[in-house]
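This report concerns only the one structure given below.
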Amino acid sequence: MADAKPRILIQLDTSPHASVFDAVTAIDAGLDHLLQYREVQPDQVRDLIHGAMFTRGPGDLKSTAVFIGGASVDAGEALLEAVKKVFFGPFRVSVLFDSSGANTTAAAAVLAATREFEGALAGVPAAVLGATGPVGRRVARLLCRQGAVTRIGSRELERASQVADSIQAQTGVRPASFASTTTTLAAALDGVQIVISAGAACARTLPDEVWTKLPALKVLIDLNAVPPLGIEGVEVADRSTPRGHVRAWGAIGVGGLKMKIHKQAVRTLFASNDAILDAEEILAIGQAIDAPAPP
Amino acid sequence: MADAKPRILIQLDTSPHASVFDAVTAIDAGLDHLLQYREVQPDQVRDLIHGAMFTRGPGDLKSTAVFIGGASVDAGEALLEAVKKVFFGPFRVSVLFDSSGANTTAAAAVLAATREFEGALAGVPAAVLGATGPVGRRVARLLCRQGAVTRIGSRELERASQVADSIQAQTGVRPASFASTTTTLAAALDGVQIVISAGAACARTLPDEVWTKLPALKVLIDLNAVPPLGIEGVEVADRSTPRGHVRAWGAIGVGGLKMKIHKQAVRTLFASNDAILDAEEILAIGQAIDAPAPP
Amino acid sequence: MADAKPRILIQLDTSPHASVFDAVTAIDAGLDHLLQYREVQPDQVRDLIHGAMFTRGPGDLKSTAVFIGGASVDAGEALLEAVKKVFFGPFRVSVLFDSSGANTTAAAAVLAATREFEGALAGVPAAVLGATGPVGRRVARLLCRQGAVTRIGSRELERASQVADSIQAQTGVRPASFASTTTTLAAALDGVQIVISAGAACARTLPDEVWTKLPALKVLIDLNAVPPLGIEGVEVADRSTPRGHVRAWGAIGVGGLKMKIHKQAVRTLFASNDAILDAEEILAIGQAIDAPAPP
């Protein structure tokens, strides 16, 4: 058959209802049929994925793809592992993993930071606040991958240190870790040029009396969408907005990038049948959007 | 982007399965993607509606809409209230509320009655039997809004009186209430020109020995779809059919109007992003269908 | 309205998730909207089917159809019975029943066998191993309908005999039954030209030391998709492949036919509003695919 098969996206969601956000975004990226599955458990993945692998010929498998979402990033990771185990040989379809929007949000934050440094973060000192949550862990991992000299903060040093271990295991680079308490924060951030805050909603991660006294600081990015934001003085719609001596990004400012990356990632699913789009691959998709067109 | 976004309808249903009836009707009205959600609880509405509000730009939000349905009208009303609370400023999408078909059925019944009175019910004496159920309450409310001089009957006077209170609170007009018992019915209906019966399935609301002796009576409408109907002598397929000295409508006769109104209401959803279509708005949609085309 | 209505398939699935396999296959057969329902119980069928029957006019009902699936063939049969009871007069839509793929698999196996006998099985001695499972029972029934002289084997003679009773009640023809134990198998299969194995995964039904000594044997078909197959010496991808003195079919070889039959059965749904496609009707669809085009 010469014609392309209809593009089918199978939305595997771990929450009580499959995300409307993910559904509408995927539809706008371009697909023909969306199959929504809710409350998906890892032990149910095999039959569902067999139905994706064994219904089309090898040349048509790129028109079937899987999206893994839901509120819990941990539950989503368990699904992703289960999905990868089912594939074998050429019997596979592309997968986008973005539970809680963690991967697209982290990629967008790092892409926003990259824009402020003319496209490269290698050697740039950067700190992540709230680095032990699902978004913060990914932001820190992506910064390390980009060569930023990364420090990660949490209220409890122990947890920051555990995340540093995990990032070292994944990337080969160990970020520094610090306890982000009122008394230690100023010293911990000394010399950083980028601060990205990925703390819990309504938790203040960085008072302006601290960041205004960091002369090296150039960029503040706050991923909290609900005011009061984590970084005092940043507004939710900031998009490279001058605040004091730095440029600030709020969650809505980053959100524009996030939506572009999310949609391009969905389109990427239908370009081949063997993509596994996790944080690194999703950041690469964002960087390709930003790359100048070839002459 | 110049092109219109795909039209997405989000079907929020409170029942164990999302209604096939509502799904097929919406598809036939015209949409690109239907997202079905079942067993939706009010406390789950916020995340679902955020996914509708925050995925498209202001100019594109009219291509996303919400349908609230399910067997229980009370549960649907709770969802509608929850949905309305989530919207703010321009961040909103249009909503059609039609749990159990109550709004479209009531609107169709009142539109059928209106047709028999040359387009206006103002001053027309009318009675609703089975007026305390979800459809009956809406029929009574819409009749009051149209200026009909309305009486509402229930087997228990107390319940009819409570519904009258509620309609007065909503419309500013208090319908009369009566107990629809065998001995009181003839007197209670004296002088009415319209009787609309919205009683429970298989419950006789009006024997023919009563209505044949009401000389002022012009129209009988029975919304019960399953014989035996509530009004003795009316047939389910009646559509302005002469029965004795009156014209009769049965549930299938009214149903043709109901389907037209339902589909036009779905189309109306995609005309703006701020419509909330409850009983009154749905009746207005029906009246616009019946209105003569402008010269 | 002159235009055809969108083709809607209502997937009623009895399992915790609606089958992805059935969904993708149906989409590839050609439809406009797929409505997926999971965990469907027989007592919920009435409302769902009413929504299919009462939403379109008689001339448009052929554009709405129902697929019954899920892991349990017994649960699917209960749904099919419930669905058939809801229809009356012209108020009906076409239904395809293929829980666990049992009907399309059985039809494909019998069609594969038919191809090896120049299009007709009348009078051909055939045996079914693992004949008491859902696929095996259908294979045996279809062989009897085609006039094959059929023997059915199970490890327990009692169960094979019960299945023979049931097939006699359905077709008027009683297949012979036998206990398929190591010591009895060779004698039980004496003289057969076809053996179709539909046993449980990983259960050996026929060693090669038995079938290589059956001089009349011409065709071996093994429906087990997971090696080790039931029939020793047959490979899963065999498709009329010479093995010793016979031609062999494995599950993937039969699977190509199964997919063609499945898709053609979905297309058949939308050709009328009154088809009930169970095993026999599905085999007839397969035979029509194989039939030479009219001159």
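By written order: A, B and C. Residues from 1 in each chain.
Assume a contact is a pair of C-beta atoms (placed from the backbone, for glycine too) under 8 Å apart; a residue touches a chain by one contact, two chains touch by 3 or more.
The structure presented is a predicted model; accordingly, all values stated were derived computationally and were not measured.
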| item | value |
| --- | --- |
| Cα superposition angle of subunit A on its copy subunit C, in degrees to the nearest 5 | 120 |
| Subunit B against subunit A, contact positions shared by both copies (same if over half, else different) | different |
| Euclidean distance of C-alpha centroids - subunit A vs subunit B, Å | 46 |
| Junction residues of subunit C - those touching two or more other chains | 36 |
| Footprint of subunit A on subunit C - complex, ascending | 16-25, 27-28, 34, 36, 71, 259 |
| Of all residues in subunit A, those that touch subunit C in their complex | 5-6, 8, 10, 32-33, 35-37, 40, 44, 47-52, 54-56, 64 |
